[in-house]
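Next come two complexes, and both contain subunit A; in the first it sits with subunit B, in the second with subunit C.
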Partner chain A sequence: MNVVNSPTEEIRARIEADSSARVVVTLYWASALFWLTFATLAGLISSIKLHSPDFLNYEWLTFGRIRPVHWDTAIYGFGGLAASGTLLWLQARLCQVKLPFRGPLIIGGILYNLGMVLGVIAVLAGYSTGVETLEFPVWAMTFLVLPFVVIVIANFTMYARKKTQHTYVSQWYLMAVTVWFPVLVLSAEACINFGAVDGVAQAIANWWYGHNVVGLFATPTGIAAAYYLIPKVIGKPIHSYHLSLVGFWTNAIFYNWAGTHHLTGGPLPAWTITVGVVGSMMMFIPVITIGINHHMTMLGSFHLLKTSPTLRFAVMGSMMYTVASFQGSLEALRTHQEVTHFTHYTIGHVHLGMYGFFAPLMFAMMYYAMPRLMRQEWSSARLIRIHFWCTLVGTALYGGAMCFAGVKQGLMMNDPAIPFLKVVEFTIPFLQLRTLAGLILLSGTMAFLINFGRMMARHKLTFADPTLFTSERNWDALLEEEQKV
Partner chain B sequence: MSDQKNSDPIQMHPDEDSVFRIHTAAMREMEEPRDGISPTPVSYIITCFLYLLCGGFYMGYYGGTWKGDGLAERPIGGPAVVAPPQDPMKLGREIFNSCMQCHQESGLGVPGSYPPLAGSEYVLGDKRRLAAILMNGINGDFVVKGQTYNSKMPSWAMLEDEEIAAVATYVRNTWGNRADTMPIDLVKSVRKEVDGKGEWKSATLAEFAATAPPAAAVPPPGAPKK
Partner chain C sequence: MGRTLFLALGIFLTIACSVTGLVILPNWQFQGLKPVTKKDGVKYPMPYFGDNHKGRAEYISHGCIYCHSQQVRMKGYGADIRRGWGTRRSVPRDYIYDYPHQLGTMRTGPDLANIGARQPSRDWHSLHLYDPQITSPGSVMPRFYYLFDEVKQGESPRAGAIKVPDGYPNRGSVVAIVPNERGEQLIAYLKWLNQSFPLPEAQQ
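Moving on, here comes the complex of A and B:
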């Protein structure tokens, strides 16, 4: 095997990987950002409808249609494309090879976006399957699954051609995702939309899928990104290879069992729920292990958070992984669910996970890789600052308001003396806070979009220094420097 | 995107300087991440195993029957739980919802169509007879408080003994009626007695009331206290 040893060789390999991945990964990430904006808008409309029911009172935008569109565009549009781009770039970088099958991957990306558009139109027009997370009709889902065939093949091809001897921890997660996700989608579609099982078993399959699409697709990609970015930016090795092993395998074993905790209290055989509760509680092991591993790696380098946008987003995501996962594990307990099930608490938790953990890690990935792919620096440090603080404050406000309101709402609903309308009235101010949080998150996304758009629009510009939080660089300075070059 | 021709810069630019100038980011970055080999504390591994044991215990303890129809997380065993007896007036009020269509919420019935229950000698009188009416129903001419009614009352035998006793107690103690409670045992024995006798006529009911109850003597009807 041709092993890359010298620094110059490694740099050449980096440049090769970046150049080959350029068009594909940029396409995936740009469309991911489009769908993120779309999903945020759809979420905002759903949120406003809950406290002002007459807002946008059109058949196509009723709550039952726009909310599934919000979730599906968030998880498949943003999640799927951001994760796929991350997967391809990271694997090319870590294997030190060129990205293969660029043509099919570009066609795949276009097909995927086409599937998203068709799915969104179908759900808005009332052709939803009515199954949570699988609302897109099967014919639209097909467009989403086919590109994964290419992505999976590309991933394994890169691994087969790798020029490094060692398989880094991020690669384990990336390889695992490409095995898990196709199995997940195909089994769930077979069980639910093709009717391989009936009744209660369909509900179990539905939540097995719904939980795992987050846990075995978004989460591993997020963790892979954190495992790559944190040591990369601070220039230190990951704390412990052994902890990485424990974290990976316990995550692989336990996450798959956790899905049925969504059905606690439902008419399921007790053991299925008990297994779900145990699976969720056992997730403490990988979460704490990964948390320790990341924290110990960061120890002594926290001062870099002041300057590096990538590191700040990555550390936020990594820390929120611990917080959101702790919350999620505890949420599975029967006694906890007696209060919080069917309340806003669950919604708060999902957003802490998706927007507190997964999204920041994808942003960190883009902040790190885009300058390398596009061969130019971010145009404005201020826009990155706005993006970061909007993401942090928006997520904290969202999670805080929803979780607090959810607990109170659950306690009120458990008290038969309180009429239901009183409970609804109590939640209204918190629902309004949520709309505010949504607006903050949207502002952050807009700031990122401007920065991203400028990078796509400009010709290549080279700087010796990166755009840090402390940089004075702004749009005018950039134009000035461009004239100098 | 705009310059796909440049996708292989190393071949495009044999001059290394120019290659590296457009890749300052790739040049300045740290080396690819590596794995450290800090050892994992043994105590951590032991804690993880103890925690796994707790999970196994929970799974065994709350696994129910491990069958498809085992809906209870704990196997059901031990002494059967006996539900405390219900307040007959409360239960009776609920059952009475079915009687209201004819006898009305006021208990006054509909003059000329359905007899009243308030102050009715059939309600306040012989409890055995009252239970018999509830059990089999009535069809045909019937005199209540001096008025003749010609209507049909269906059988309520599908109700539980406890429910029939409760609704009887309820009508005996509402709208100014005051009488003692209907014992559940009496309903139970009447149910056996009247089985197969069919709907009462005025005459057959009088005949039934005149015959003595088969076994255990039933105390005489409590006098109406108006």
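Moving on, here comes the complex of A and C:
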């Protein structure tokens, strides 16, 4: 094993890793942003439909089709591609090796996008499998699974070639993702869409998958990003190595079992639900240990949030991880589920997790890595500021409105004296607030897209210093200057 | 390398355990479930057939599951039974022919496990699907107008047509509607949904 010793060698290895990953990671992240925009638009349309059902009321865009398209493009399109890009870049960097299999990875990225397009068209045309989060027909899913074969092999190859002696916490999580995701998707597809399991057992398998696709794919990548970025930006080591070990293994053991709380009160044997409730309760252990590790590392460095865009998104993500996970664990309790199950509360929770925790960490990753990949800085600090505040305000408004409305909706539904349509009437103002939140989130995404697009356009704008919130950059003036040169 | 192998194996074991526990074991537990024979010799549940089978595909294709559940929670847990969504709780045997399952996790609209028993009328289902505002003013369900042929004023009457009520504000020149093939299938499926047979295990 070649061990990197001197700091100059280490820097050279890092630059080599970055330039080798440029095309692949940029492709994955640019596609991820495309699908994020698409998913946000689909979500906005679904949201409007729930308070104004005549909006775009065509068969292909009916709520029951655009709503799964929203979730599938968010989790597979944005989530899958953003996480894969993160995985490849972070692993190359932490192992200090060049990204291998770049050709196959590029083909994989293109195939993945093709699979997404096919899947979206299939669901809109009415060919959904009818299984939540696995709506894409198997032939479209295949295009999503194949690239993962290359990603998994690339990940293990980098790990085997690594030039560093130790393994960093983030690498455990990335390793876990590459083992879990193939097992998860293959067993779910085999058991659900090929008919090995049916009836109620299929529902259990369905929610085992539905919960784990977030928990064993998005969550570990998000945590890996937080573990990497927070110490990196503030220049302090992680609070406790031992806590990260406890956090990792308890997360690995317990998250797996939590999914069945999605079926509380359903026609299932009590043991399956109990397993889900116990799994969810035990999740307090990893969530608290990971929380302590992230937040204690930050302690004393909060003033840096004023300047660093990466840190601001990363800290928002890690804080929302704690909040959304506490909420999720409590939500699994039977008493809680009696009220909030079947309501908008669950939808609020999912968005706090995906848009409050996972997405900001992916944004943080992109804000940190893209200038290093492209050797070019972000053109506008103001656009980053807009992106951040839209993400924070939009998510808070979304989560707040939906969770409050959900509790009240559940209490009203549990009172048989209140006619059902009165419950519907009660939720409408909150559903309109949700549309507003969606618009805010979309504006933030647009700001990010503009900044990202300018970087893609590769104007040779080089800055001596990184773009911070305190930087004053004027795009037009810079372009003028560039033309003069 | 030893540590790497340990890490990868440990990670694999965690998911292998939950696949066994939550996918394979429940499947074993329910594999032996058979329908019961009622006093009149008819079996419950019965496999889907003909129109209700095709209608189920329409239900899936239109994504009804994203707003409607098909499961009645037990007495004392929620108000499903008191709301009249069923006479008993749902049990695994009710679903032995359900593939893919449509249990659902959302109730933007009411539960449909017993919609066939609650609303047995073809006319009601037709008007409700054509425009929910006719039967349920204030509903946020979309109009599934494309599942119907419209009979306009002055056109010759058609067999099986359902008259659109006079007070309906958006009727325009439409006097009656006829469900098209897909519409009839979806209605057949909705009318088929019925868990009122008192299965013994649901009484406990």
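Assorted remarks:
We adopt the following convention: the second predicted complex is superposed on the first by the 474 of 485 C-alpha atoms of A that agree within 3 Å, B and C clash if a C-alpha of one lies under 4 Å from a C-alpha of the other, contacts with A are read in each partner's own complex, and residues count from 1 in each chain.
Just so it is clear, a residue touches a chain if its C-beta (ideal position, glycine included) is under 8 Å from a C-beta of that chain, and two chains touch if they have at least 3 such contacts.
Quantities reported herein were computed from a predicted structural model and do not represent experimental measurements.
Model built by superposing both complexes on subunit A: subunit B and subunit C fit together without a clash.
By the touch criterion defined above, A:E425 reaches subunit C but does not reach subunit B.
After overlaying the two complexes on the shared chain, residue contacts for A:M175 are found with subunit C alone; subunit B is out of touch. Here the vertex is the CA centre of subunit A, and the angle it makes with the centres of subunit B and subunit C is 20 degrees, a multiple of 10. After overlaying the two complexes on the shared chain, residue contacts for A:S379 are found with neither subunit B nor subunit C. Applying the stated contact rule after C-alpha superposition, one finds that A:T391 touches neither subunit B nor subunit C.
Looking at the shared chain after the overlay, A:H51 reaches subunit C, while subunit B stays out of its contact range.
Of the two partner chains placed by superposition, only subunit B is touched by A:V23; subunit C is not. Of the two partner chains placed by superposition, subunit B and subunit C are both touched by A:P267. In the superposition on chain A, A:V275 contacts both subunit B and subunit C. Here the smallest spacing between CA atoms of subunit B and those of subunit C, following superposition, is 5 Å.
Under the contact criterion defined above, the residues of subunit A that touch both subunit B in one complex and subunit C in the other are 267-269, 275, 334. Listing the residues of subunit A that touch subunit C in their complex gives 49-51, 53-54, 57, 59, 62-65, 67-68, 126-132, 159-160, 167, 172, 175-176, 179-180, 183-184, 187, 191-192, 195-206, 208, 212, 216, 249, 252-253, 256-257, 259-260, 262-263, 265-269, 272, 275, 334, 338, 341-343, 346-347, 413-416, 420-421, 424-425, 428, 431. On subunit B, the positions that touch subunit A within their shared complex are 1-2, 4, 6-10, 19-40, 48, 51-52, 55-56, 58-59, 62-73.
Listing the residues of subunit C that touch subunit A in their complex gives 1, 3-4, 7-8, 10-12, 14-19, 21-23, 26-27, 29-30, 33, 60-67, 69, 71, 73-74, 77-79, 82-84, 89-92, 94-103, 105-108, 110, 132, 136-146. Subunit A meets subunit B in the complex at residues 7, 10-12, 14-16, 18-20, 22-23, 26-27, 93-94, 96, 164, 166, 168-170, 227-228, 230-244, 246, 267-271, 273-275, 277-278, 281-282, 284-285, 296-297, 334, 371-372, 375, 377, 456, 459-460, 462-464, 466.
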